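Two complexes are shown next, each including subunit A; its partner changes from subunit B in the first to subunit C in the second.
Let's look at the complex of A and B:
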């Protein structure tokens, strides 16, 4: 199945598929893939991150579905 | 693209109406450093009269380059020092002070009654925790978090971005103090102003907030 993956800011260097700049990219994944498994696949498991699926915060055990929009942000220190 | 006519319809037509509409609202702020202290000041001046303010730190000399504190407040809890300043701006302001660390186990209880919540801490790990907890447990409370305001980059790269249902992020998403970047008062305050402004727009019910 296909989802849309958006990796923000410095995380955009980790896109697992080619694309244009930092724009979101379509990504083929296997049925039954959870957020945490995909995050591990693209090498972000150890990174602090903020993850949304379809505009809602999503935990690593969230099951992804066809057409989902997965967005991952790096929290940046300073305040 | 937003509809200018709907935007005009929602924006108050005079200053008194802004105050009238904001004074009925409560704002929660987690972290009273460069972002939180200045955002609180701007929202108090705009008309917000109820705040829940959380910080467990005390004022230090190194804070005075960008945070809304004064030399004679060094050593005092930031919550108390900021409360004093906000009451000088607006004597009738209603403040709920939280001096404990905000964690997954207490966030929802502490901020359940607010109309908008501002994440204004400095650690990346705490930001991730606050966004995850608030987004999951306070789904009806609009959340504004911050990410990337350090360094000497253009102030124009600080922006407000809606990233989810009821969730906004302010910052350039890049400039990190962990990379050795300094915190400059103007750039930090631009981010604080973005945060306060989107909060005001949310509270005013702007349709394109």
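Let's look at the complex of A and C:
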């Protein structure tokens, strides 16, 4: 199945598949993939991060579904 | 000895007095709010002679405390009708600290003419008539001021543009940065109009050749504490990496992702051009054009979130726009191009008007149908009328509330008549609590609940739910008031919330500098005192629980994409100031 992957700030240099610049891109994953397993697969397991699925914070055991948007940020803040 | 400089605009006399014993532990916002509470009648006309404009450096101002040179400007706000402390960067905080000036209190009002206050490095101070500076924008004024200064001088300024002279309720006070650009603004609450009402165009202060001031009670301990603090700031990923790399604009994508990025006058929580406005894009463009992507707004800043925006020809246009300004002048107006935003930001800075209030105001104006969302040229033309005699300019310069009334718009995102900043309170309920209850009106900096709601800093709460939000906002509001009193930039809060040694370092810096034995409880107690002065002033000015609410539509109109409304119960909001009675008793005020 396919999800959309969006990586931000310094992580935007770490897309596992080609695409255009910093833009989000589709990613093929197996059914039953959880956030944590995918993060490991794309080599970001060691990175401190803030993770969203469809605009809500998501834990590593969150099961991904067809068409989900997975967005990952490094620790950031401002104001 | 720290002094208070009294500037009586009615008699044109400037006098100096020692800081009274009861305020010896106060700096920054503690001093501005205590002085407003004690000396400004709560029913004073904000633009009349009974109001005062107070410019106070933090308790650590003038020292080498990392990020310790922030400045508080206070008075009664013409926008909210309540007390105001507008916090600003730039170099003036440290300059005053070097001169031993804890606060400048501008009182009365000039009968005629326009004046500037000159403070020289020898400590002398006087008012000079500067009528020929009338109606100059902040940038042209900066050039005029520089031309009057001796070669090799080191000076900092605070100034108003045409909006302040016209006494518009959204007028800002510009403070010069280390390069002399008048690009840091005490924007919120219309204090530029208070300065204008006094007949004061600029404050110019020189600290040329002044070194080694102020004294520390224990210099070695102070230096050790500053090292510990700087290390903590550098080691935390937010203050050591995210902010220096992208500036505050690092937030655009994440707040948009969370569905809390107010778009087209708070009608949606995501903007389709967020990526074009983002900090990532801004950094790339800035580097391409040879702009600066990392410096401090004042000397001694370790985090360095400031930058300069250059135009397509590689010339300085404006400060690297802050997250709030890009949001207000961009997404909230449906504008998705950073160069368009930069033009608007530059105009706001020059005219001397708050970018947050102005963007929110233009969005309300757009909602009236007078201008299309996304019409950047139209927005700039409307904005440039602010500070002139035009009726439209006067309305817009009076803020979002006034503009809504004039044009019959009912969806006006204000609390206590001050426009909300760049986070919709429906999908980020914690910031809604701060907007509703802050003594300042809708103000994100007063209690930055985005931390635990979105950013996972200092714990985490569900941003869509009301649970835990009041307690979170309360502790942040108290801690922020303390940081503002110290003169510390609030961005130190990110490491302080996560690293115990960062908080310890603040205790140690305060103790080593002042000689008083500070501890954690006393620091928080200082924050409570500040809020107590402010809350009581607002009570006396006529505010009630009804003023501690979000606009009605935010309780009924669902915001996409999460389709939520604000659900924190009124009864919980009303517990925000449960510490005030006890603190007031200890302060012997009522």
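Rule of thumb we're sticking to: the second predicted complex is superposed on the first by the 75 of 79 C-alpha atoms of A that agree within 3 Å, B and C clash if a C-alpha of one lies under 4 Å from a C-alpha of the other, contacts with A are read in each partner's own complex, and residues count from 1 in each chain.
Keep in mind that, in the parts below, contacts are C-beta pairs under 8 Å (C-beta built on N, C-alpha and C of every residue); 3 or more make two chains touch, one makes a residue touch a chain.
Since the structure is predicted, the reported quantities are computational estimates derived from the model, not experimental observations.
Looking at the shared chain after the overlay, A:23 reaches subunit C, while subunit B stays out of its contact range.
By the touch criterion defined above, A:76 lies against subunit B and subunit C together after alignment on the C-alpha atoms of chain A.
Of the two partner chains placed by the overlay, subunit B and subunit C both lie in contact with A:50. Of the two partner chains placed by superposition, only subunit C is touched by A:12; subunit B is not. Applying the stated contact rule after C-alpha superposition, one finds that A:32 touches neither subunit B nor subunit C. The interface of subunit A with subunit B overlaps its interface with subunit C at residues 8-10, 48, 50, 52, 55-57, 71, 73-79. Those residues of subunit A lying in contact with subunit B across their complex are 8-10, 48-50, 52, 55-57, 59, 71, 73-79. Those residues of subunit B that touch subunit A in the shared complex are 31, 33-36, 120-125, 127-128, 131-132, 135-136, 145-150, 163-165, 167, 169, 171, 173-178, 181, 183, 188.
Against subunit A, the residues of subunit C that register as touching in their complex are 237-238, 241-243, 245-251, 253-254, 257-259, 270, 275, 279-281, 305, 323-324, 444-445, 448, 450-451, 454-457, 460, 462-464, 490-491, 494, 561-562.
Residue ranges of subunit A in contact with subunit C, taken from their complex: 6, 8-10, 12, 22-23, 48, 50, 52, 55-57, 71, 73-79.
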